[in-house]
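Chain nomenclature is as follows: A, B, C and D, assigned in order of appearance, with residue numbering initiated at 1 for each chain independently.
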Amino acid sequence: MSLTAMTLLQQFVLLLAALALFLSFVLLAQPRLVAAIHVFAWQGGLVAAVTLTVAMAGDASHLYFSALLTFGLKALLIPWMLHRLTRRLGLARHTETLTRPALVIMAAVVLVIFSYWVVVPMVAQGLAFTRNIIAVSLAVVLIGLLMMVFRQQAVAQVLGFMSMENGLFLAAVSATAGMPLVVELGVAFDVLVAMVLFGVFFFQIRESIDSLDVDRLNRLTETNEVEGAS
Amino acid sequence: MISAWLIALLQALLCAALAPLLVGWVRKVKARLQNRRGAPVLQPYSDLRKLLFKETRVAHTASPLFRIAPYIVFVATWLAAATVPLIALDLPTARIADIIVLVGLLALARFFLALAGMDVGTAFGGMGASREMMVSALAEPAMLMAVFTLAMTAHSTSLVSVMEHHLADGFVLRPSYLFAFGALILVALAECGRIPVDNPSTHLELTMIHEAMILEYTGRHLALMEWAAQIKLLLYGVLVANLFFPWGIGAAFGPLALGIGLAAVVVKLGVLGAALAVGETVLAKMRLFRVPAFLNLALLLGLLGLLSHVILEVGA
Amino acid sequence: MSASPALSLAFLAVVLGLGSSAISLLAGRQPRVLRLLAMPLVGLCGLAALGAGVLALTQGGSVSATLPLGLPWMPWHVRLDALSGLFLMVIGLVTSVLGLYGPAYVRSFEYGRDSLVALGGFTGLFLVGMLLVVLADDAFLFMVAWELMSLSSYFLVAFQHENAANRRAAFLYLLMAHIGGLTILLGFGVLAAFGGGFDFDAMRAATLSPGWASVAFALAFVGFGMKAGLVPMHAWLPEAHPVAPSHISALMSGVMLKVAVYGFIRVVLDLNGEVQWFWGVVLLAVGSVSALMGVLFALMQTDLKRLLAYSSVENLGIIFIALGLALLFQATEHSMLAALALVAALYHVINHALFKGLLFLGAGAILHSTHERDLEQMGGLLRRMPWTGYFFLIGCLSISALPPFNGFVSEWLTFQAALQAWQLESGVLRSLIPIASAVLALTGALVAATFVKVYGVAFLGQARSRHVRRARVVPFGMRAGQGVLALLCVLLGVLPTQVIHLIDPVATELLGTGMPQAGASGWLWLTPISAETASYSAPLSILALALIAGLAIWWFKRRTVRGVRRCDPWDCGFAAPTPRMQYTATAFAQPVRRVFGLLFEIEEDRTTGEDGVQRYRLRLTDRLWGLVYAPVARGVESASRRVVRLQSGNVRVYLGWTLATLLVLLWIISGA
Amino acid sequence: MGTPGRPRGSLERLERGLCPSYAGGAPRMSALMLTLLAPLIGGVALILTRAPGPAGWLNLGVSALTFGGAIWLALSVGLQGSLEGAGFRVDAFNVYLVVLTAFVGMTTSIFSRPYMRHVCASGRISTGSLRIYHGMYQAFMLTMLVALTTDNLGVLWVAVEGATLATVLLVSLYRTPEAVEAAWKYFILCGVGIALALFGTVLTYFASQHVVQDPDAGLTWSVLYANAHALDPTVMRIAFVFLLVGYGTKVGLVPMHQWLPDAHSEGPTPMSAVLSGLLLNVALYAVVRLKMLVDGSLAETATPHLAGSLLMGFGLVSFVVAGLFLHRQRDIKRMFSYSSIEHMGLMTFAFGLGGPLATFGALLHMLVHSLTKSAIFVTVGHATHIAGTQAIDRIRGLIRTQPAVGWSLLIGVTAIAGFPPFGVFTSEFLLLTATMQSYPWLTVVLLSGLVVAFAGLFRHLHPMVYGTAPEGQQPVQANMLPVLLHLGLVLWLGLAIPSFLAAWLDSATQLITGSHLL
């Protein structure tokens, strides 16, 4: 379905999705923790907006609720919790730079292309206009994972994780016009509990290693030399 | 049937009786070759008689086995000799044991000889036993290879059958027999403790093999041991003579055939004994660790005999 | 469940074995229960097995039954035929003797720290395992029983586990048993794939292509050969057998190795269809190497039980030489000769069980009485433990294949089979077999040397240490156990025609023909092929031996009034010899060590201490260890060192792996 | 319970009952409700119970109640056919896992009561933590039972994620740096994995929208399975990759396994027992259910066995790599968690292989592995208690100090290494046979892997159980009942598979592969 054939609302959905993808890049490269949390909140907001727009464009009434849930959780509650945690952990001014930002960004670009390549055969037979967004949502998921690979800071890792969840929400909306309600509620509940637990763990980690640098969590390994047993 | 058994018994007694004579003959020829007059040919009989009636002494440390061993050694050797056709072929005793049993009986004798050597707990006894077992370990396969060559030619391990087969074929030049003959000669020298492997007339401590084992024996025990050794020499002589040159041996039990058989074997043994004496005069005793090379030669000859039989004689 | 008395007796044996095991487990801390109840039950179990075996052999035919255990679609099949019967008999012979020997022997463990519960419990299970292997008629039960046998004997090897060397031996044993077991399983897998089922009947019915049949043969050979201790798969055997309690060593060496032979015969001659001639060549080669290496290493040992264990390697080599001949003849359609070779192998199986059992029990008696396994410390035991001494002598004579004892008969039969090589059509085979028999001859002579050394050093001469000097006669039960085995050794040596008559049904069952000629000239004469070809009369030879020796002794007794007089040893007139001047076991083996030096890795070390005393140290190791085993161990070690880099400890790296896996998989399926 | 001698008639009835499925009535649903509500209510109650003493008993009671419910459920499914409705589906495949889960949950709670009291008394955790422990224990049981019984892929996902959330706090219960680190890795890795699985679930839903009209039924497994052939293969392929990587992380497939040894070794031992014995099974269960869908969808394409091949590949790699890992272990619990990876690899391989024989073997292996491994972990709990450490080279002479513990460990490891007469041998026998039939050359890899793994286990085990005990090492109060129970069952399964269980496993096989084995 070519872009021009779409309604304005449908075009707006694509725009929002593209913005969400852009925010993934920003999140990946953002050195300041607090700023990253804000970016994440914006991304959550964009996902909610996509949901809302799809609901309006596709006349899927149950998506209104979904949009509300996403907005409440991803744009407000979780960013707020993270914000509070960073303040309590004294990380409000924390910055962390990637070692080779250009390379990481390039890798992320490659991931986007890769996602598109993977999804093409699927999109080709799709009918609904939202199908094109699947590639974007997959890219958001993968970039979130990439962010977790390259960020050493525990809070940043959680941001990556939550950004992956954003990608998932996006996929659910775009590919299937929303999951069954019980699943959606369950997922939201799980994400919330996960966030609470992440908060608990930030304190536990800091208590045990005096830092939130995950690279220093390296006691449990097999690579130390062992003297021959038996 | 009864007569056959009687002749067998006679032959067995003859074996034992002739054995000292062979030794005396070899010594005599050797002495003559060395320009000595030497002891009389019958001297070994006198020696045996002397030892048999002398007082027998046994070391405090010896166990009962020490006293049983001479009997077992003697009897096993004698039984082995009795199963070899000496003057007549188809004797019932020959069927008791074939060629492998014969080797086994000799091994039994050697086993007890070596044990007896170790029993008193002296250094020489153990040394002799150790060396004897090494020599025999190498000699036994060579011996078996040689006799297997004959056995495969005759398709039988029975000595009688081998000789009968040989007689029936007449004089045939077989390369395999040549090798087997050489192997058996070498083995006989080693097994009977002759030069160049062992010197029967030395008691020089570090070169002894056989003598070291019977060092502690006296009196009748020693007599039995010596006699057994003499029978063994005779046995090997008869094996060499009758297996390779069976002509003359009595195929029937008539007095004439037996008489010819006896004469033939005496002549054959006389020649062999003389040859042994010549050999012992010409050769020097080898160092102990040259002996394996000597016996390997025997084994090689035996194997070559067997292989040449398989390759050259059986045909494609 | 079964109408056949033989099978019922076999089941009874299994139940008795389980009962003995259960009693030991339940008795807990009552050592007397083990001694007075569990061990005699083991003996009864042996008797039942013996009875079942003899019945099965004499009655002929086969009986089968199924047990309601196992997989739902495949209950346990059992079958008792002549082959199983023979091996049941072998198991029974040694086991029933343990009923006599065991109670007294285990007494010495009562005050030790090692749990008798384990000893008794696993002994019973070990027996049950062996019995079920022999009875099994499907691959599943066979494997269960086989591994039960391995596992319970492993626990017995690890019984005295405070010694680190024992633990190492047990580990090595279980490891190799496991490898062997899995290889056998694979072999059965091949057979089952063609037969369409895991019961032996299906496998018998299957026809395999020569290639796959050879694969199955190779797997069976490696698997069973590992248990049988064939070189180069023998490394575990000299480690594991000596460290178990002696009556267990007797079971392991005397019986368990035979169970491996059973498995091999069952798979190769019964299940695996057409025999290929080169299988026989492989067996001849491996058997010869095992026999020679086994005996050479045995001769070098100074630990009595280790020596006996190496000697088992040698004897299994001989058995496999005979089996190789049987396969060769069978493949070239000389069934009669194949039967001769098979009978020779089976005869040696029985013989080895008897004399190796006897020798291990003797070693156990020495251990019991002197707490010593090291030959260099022994000496003069014949005068201190005369019964054990004479029984041990019979064992030594039998194992050295000397007439008129049993070992000689089987070796003689093997030679007879080998000498029929002229009947083969292929010239190459005709010339190969004599070489194998040359090795056999060499082996025989070296065995004699080995056991002259053992007997001479341990039982003759003078005691080399204080506790050996204090050795005492062992209890009656232990003597009786050895006595029974010694008697059997003699009987089987003297009455070969009867024994062959007993074994014959096995050959008939497996090869279609037996040895009808063996007793054709009457029971006195053993004539394997015909009276002209070869004959042996053990009864007459022993009669002659006894007669002449008796006559000679009688004559001397009559002639000489004076008996023998005791005096000091002469020793060429040197100073009175002390025990330390005796030839040691190491010294005894020195000439052979020099001749065959190439095969060993020898480390010699002569030092003169500060006190001026010369010290000599000798370390002799198996070259194969470095050639075969060490590289495998190193390979696994380095692979694992590489693999653990996966677990680097950094969570980001882990996430990277997840990402990479995901991308690779997506790439694969999108490409596909 | 049925024994081999059981009359034929009842067996047939049982088989008949297992195969056809018809909707169950209200009383049958109550069995399911009991099974699920017991841990739910119990968990809440346990969070509220302050006294540590009664809490242990309560935990045990609730677990026993759950087990009772599971048995009831199993009986009703066995006799009347599978149960569907209200978003749940209990058929032959999952009901046996439900019973297994409830059973291991119960026996572990027997062990857990004195063990945790000892831990609490020794001051390693506070009573508050104990409350969390008990609450989370039941929450974990609940999530697993839900994951097993639900018919909705979305709920399945939620439950598996819930299982992670319930256990993650338990892993860090001791608050040592190692425990926190392990918990973090567990959380992050499984979180990511599960997120990927959600993506796969979304894609599955996407594929189902073409086929299933009712959007609410779009994630219902039974509906999807009935229409599997119509699902778009391209989408399902991609979806399966995500699902496999996602749930595979929880199964512990290499190279996504890294959380597993950490989490097992640092959490309290009862937790290790249920993680190894149950959680991995549930994750594998999910993978197999999804594989069934994908197989249906790909049946007509050029690569019908894609899912199976992927599973085989992952299984084999996990199996071999974990075997090698065993050789370089210093921590006893880590060692056994690698052994779990190895066995999960084997099962994954077998499910990938497909075919009735392999599937039957894999189902049996799931059962015996869970029983054996949880028995081992219970024993290991006692062993570490005796030695006061988890370091392998400081655990010595267990048989000397406490024969019951030493022998249990030895026998348990023997069983897990695949020696008869234990059930693990039976299942491995079946797996090898199945492999022999379709991929003969892979058996060589499998056998080498088994040997390597065996050597790795025993080289460490030997010095621990045998030898002399260090000075002053004292026996501890140990309740060996769970171990005896488990090993006894495994032994029984090795000697004879009771016909009701065989019929049961067979109908599960029939469900998975479409054909009977028996």
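Going forward, a contact is a pair of C-beta atoms (placed from the backbone, for glycine too) under 8 Å apart; a residue touches a chain by one contact, two chains touch by 3 or more.
As the structure is a prediction and not an experimental result, all values here were calculated from the model.
**Q** According to the touch definition, list the chains common to the neighbour sets of chain C and chain D.
**A** A
**Q** Comparing the two chain pairs, does A-C have more C-beta contacts than A-D, or is it the other way round?
**A** More C-beta contacts join the chains of A-D.
**Q** Among all chains, which one's averaged Cα position is nearest the averaged Cα position of every protein chain shown?
**A** Going by the distance between chain centres and the overall C-alpha centre, it is C.
**Q** I'd like to verify one number: the distance from the centre of chain A to the centre of chain D, where each centre is the average of its C-alpha atoms, in whole angstrom.
**A** Here the centre of chain D sits 31 Å away from the centre of chain A.
**Q** Could you put a whole-Å number on the gap between the CA centroids of chain A and chain C?
**A** It comes to 69 Å between the two C-alpha centres.
**Q** Any idea how many Å lie between the Cα centroids of chain A and chain B?
**A** 99
**Q** Calculate how many whole Å lie between the centre of chain B and the centre of chain D, each centre taken as the average of the chain's C-alpha atoms.
**A** Measuring from centre to centre gives 78 Å for this pair.
**Q** At least two other chains touched by the same residue of chain A: list those residues.
**A** 118, 121, 145, 148, 214, 217-220, 222, 230 - these are the residues of chain A that touch more than one other chain.
**Q** For chain D, what residues touch not just one other chain but two or more?
**A** 184-185, 188, 192, 196, 238, 261, 325, 328, 459, 462-463
**Q** Out of chain B, which residues touch more than one other chain, so two or more?
**A** none
**Q** Every pair of chains that touch: which are they?
**A** Listed in label order, the chain pairs in contact are A-C, A-D, B-C, C-D.
**Q** Which residues, counting only chain D, touch chain C once they are in their complex?
**A** Residues 4-5, 184-185, 188-189, 192-193, 196, 237-238, 241-242, 244-245, 249, 254-256, 258-259, 261, 302-303, 306, 310, 321, 324-328, 399-400, 403, 407, 414, 417, 419-421, 425-426, 429-430, 432-433, 436-437, 440, 443-444, 447, 450-452, 454-456, 458-459, 462-463, 466-468, 494-497, 499, 502-503, 506, 517-518 of chain D touch chain C in their complex.
**Q** Going by the contact rule set out above, which residues of chain C touch chain B in the complex?
**A** My answer: residues 379-380, 382-383, 386, 393, 397, 400-403, 408, 412, 415-416, 419, 421-422, 427, 430-431, 434-435, 437-439, 441-442, 444-446, 448-449, 451-453, 455-457, 459-462, 525, 531-537, 540-541, 544-545, 548-549, 552-553, 556, 559-560, 562, 564-572, 577, 579, 581-583, 587-592, 594-595.
**Q** Residues of chain D touching chain A in their complex?
**A** Counting only chain D, the residues touching chain A are 87, 152, 154-155, 157-158, 161-162, 165, 168-169, 172, 175-178, 180-185, 187-188, 191-192, 195-196, 198-199, 202-203, 205-206, 209, 215-216, 218-219, 232, 234-235, 238, 261-262, 265-266, 325, 328-330, 392-393, 459-460, 462-463.
**Q** Which part of chain C faces chain A closely enough to touch in the complex?
**A** 168, 171, 644-652, 655-656, 658-659, 662-663, 666-667, 670
**Q** Within the complex, which stretch of chain A touches chain C?
**A** Residues 114, 117-118, 121, 142, 145-146, 148-152, 214-215, 217-223, 230.
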